[in-house]
């Protein structure tokens, strides 16, 4: 516009601007990216990421998991950390998944790319755990899942292990328990109804129940799905009534279990037994507190037995109760044995792969080599034994059943280990 | 299933729906009043209902135990909240264009909803039992007493409002304002005070309905959105102007709600309710009983 | 004018190399891409809200629909995400038409349009929740690929950064052009006084509809990009919060200005992320409350939004004349 010189001047300014920015960028790359890629040869700490729902609908579980993790990490560190790694301490990096899949994924991104953790425990909710794998698998970060859905170990993911019994096992356990209870009273299950929330976990666990019943030759009368965020269960109770069941199998999460229990009471649903599956809701202290006596005589299956009479478990439960004022159940229990198993694996890895003990492959092979039947990990596990199959599941997985009696959860199954006999039927 | 069983089921759902309708009518009435008299679009109406529900929860947990007693607290408190909201926000909005009213009340919506998320977290909250958490049998039908009570109280409140609007001076002024605001201000009525009182009464009804809803339902931070859309839909169907219109419209929605959840799928509920809403907007924009 | 070009050139160059400045850190690039995606919706919203004067609350519906359509095509039919973006856009525009045409035709008052667009978010969410063949309550996962540009899938967030940057720039350019040309003037006249515009022969319905279709198409594309980036889709992607966020950011930025909304959006969303990172785990949800409070203050006390402020600022800096900013 003002002649050639003005054009070249503005062009020059633009070119300079780009060069300056490119230089800044190069600096950014060299100072941040490259050094981060180098592995520090000295292992002074083991960075353990924890992704749990600390806010949102599932905060109840996430917070319990967090409490358990802090307790165990402290114990491990106080006892000298990981001996085969020169006493390296466990450092927890806790992220909130905000009870959503996006949140879990974001948390995993942060843990992997910013905090540079060596292993991730999480995310309690099965659907959320799957989204994390997108981030961890390519980078070979081991995920120790505290989520139950079968998929997690069935899809060919390489860097995942899962110690608690999977969802279908929970479902099958609920059925075996119920069949056993009916048999003790000279009855047979003939008209079961399954009611569950419509998420991934609800579906798979309900499938587990259905499959087990089918294998036993029992036909399911009705299978009712409801949205996880339901607030009024009157229509659901109606539908259950119409099916005229002799037993109701329920797979809820936490909040819906409270609403279910209350609706059962206020609408006067009469059924011989109500058995939950999946470890969340109905028979844990939080739910009992929130629903009052509506949960009386309901049961649920759990991945952890707080009444397991091994010396370490008894001591741990007492410690947990003293510190947090409540009985540890599903969320805490899974963390107990998962973290202790990690410790055992780290010891093995430190010995077998001294040059890169925290590498994903080293850790996985260490985990696979474990066969624990003693020690804190085994002492907190329901079956007392931990050994991983190639797909990452525990070969000796076992779920237990707790029933609410007089406002407290008690162990009723496996029958040989029960602290109390089952109360049957419902009034 | 045998035909009589299906029929009984159907009637059961209809009965449940009728009861829901009574409660929804009270919830929607506050909105209709505000919109009709002060010409004020309160996009956050649902959130106020949600706030009332949370307040009921807190009050029941702390002091009163039975949520049935909570209106003792929520009604006066919400009247005051209404007054404060008017003085703080609505006063400036009454003369503003509709878009500004919507925008500003959306702001209140955001604030209330996130406040609820922060204070009470996302899981549903429900108060301890009401003493009415049982049911009576009427032949083959089960009548839950908590819902019945809520309906009875709601309808009683609506009757009170009806007589208020018909007989009292303030009520007549409000109805006149709904017809022609300029005319009544020319006649010497202090429209500012009138709107202030209207907002107060509207909110008091919100308080009462929130408490009643809590006797049989739980609350989450998304309840605001759901009740907001529902009450607006009821107002859309009813058109503006009559208590009776709101009641009938709300009952229609209540029955549709119950049938959809029971016979189809609880998740289909929203599709049917809001689908109905959109249909009304296309087919009968003036609603069934509108006067304008 | 010269300064304008220089400024744009610098901004463009910075945007182009930004991932490098962030050290290619996956996490940070991810956040920045997200912020840019949501800002793109805000810019597109100017067409229906800022210019067309309709308070549309359907952003969550269109974004979600784009995500589901794109995701579904990628997962179940192996169709490239690029095609998916386009298909998602068409689907959203189609749905928008179904809602918009009758609403504008009957001349419904603003509040009913706002409500029905909000209702759309929930209706679509529930429909897809029940439609198990396509979506359903279970998450659907898109197959992982480290870098497959033809399929539009990559494990590297930088890939998505550039796609989003292209969309963002294109949307800005589009809105800029529309404002200047006939369509923009028509929309403005409708916003200022609909009845007068109609009497003057402006086909109110047609122009509002065009604005709505373009905006919904773009919003859907952001959804498609999002779902490919995170690798899964689920009906919760129909989120009313996206609708509300878009509206409030647009209003805070100033309904009439071009730069106000995007700049406000970039700033506030970055602040929100920062708060979420630092405070989020301390007091849950606090960052959103603060966000809400900031917004109410702006709406109540500065209803024109930050737009005019930014305009004045840019005039002071010598970037363009005051007249070109007038709306």
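Letters are used for the chains, namely A, B and C, taken in the order the chains are written, and counting of residues starts over at 1 for each.
The rule is simple: a contact is a pair of C-beta atoms (placed from the backbone, for glycine too) under 8 Å apart; a residue touches a chain by one contact, two chains touch by 3 or more.
All of these numbers come straight from a predicted model, not from anything done at the bench.
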- Task: Select, from A-C and A-B, the pair of chains that is joined by more C-beta pairs in contact.
- Result: A-C
- Message: Let me spell it out: compute each chain's centre from its C-alpha atoms, then which one is farthest from chain A's centre?
- Response: B
- Note on the structure: chain B and chain C have mean C-alpha positions lying a whole-number Å distance apart equal to 32
- Between chain A and chain C, centroid-to-centroid distance (C-alpha), Å: 36
- Between chain A and chain B, centroid-to-centroid distance (C-alpha), Å: 40
- Note on the structure: Among chain C residues, those touching two or more other chains are 129, 284-285
- Message: Among all residues of chain A, which ones touch two or more of the remaining chains?
- Response: 55, 59, 198, 227
- Query: Which residues belonging to chain B are in contact with no fewer than two other chains?
  - Reply: 121, 265, 267
- Partner chain C, residues of chain B touching it in the complex: 41, 43, 89, 92, 98-100, 102-104, 106-111, 113-115, 117-118, 121, 225-226, 229, 232-233, 236, 265, 267-271, 274-275, 277-278, 281-282, 285
- Item | For the chain A and chain B complex, residues of the former touching the latter | 55-60, 99, 198, 225-227, 229-232, 234-236, 238-239, 241-242, 254-256, 258-259, 262, 265-268, 290, 292
- Quick one: which bits of chain C touch chain B in the complex? Just the residue numbers, please. 53, 55, 99, 102-103, 106, 108-112, 114-116, 118-120, 122-123, 125-127, 129-130, 240, 244, 247-248, 251, 283-286, 288-289, 291-293, 295-296, 299-300, 303
- Listed in rising order, chain B residues that touch chain A in their complex are 1, 5, 9, 12-13, 16, 121-124, 126, 128-129, 133-135, 142, 144, 146-147, 216-220, 222-223, 258, 261-262, 265-267
- Sites on chain A touched by chain C in the complex: 1, 6, 10, 13-14, 17-18, 21-22, 24-26, 28-29, 31-33, 36, 54-55, 59, 94-96, 100-102, 105-106, 109-110, 112-114, 127, 130-131, 134, 137-138, 198-200, 203, 227-228
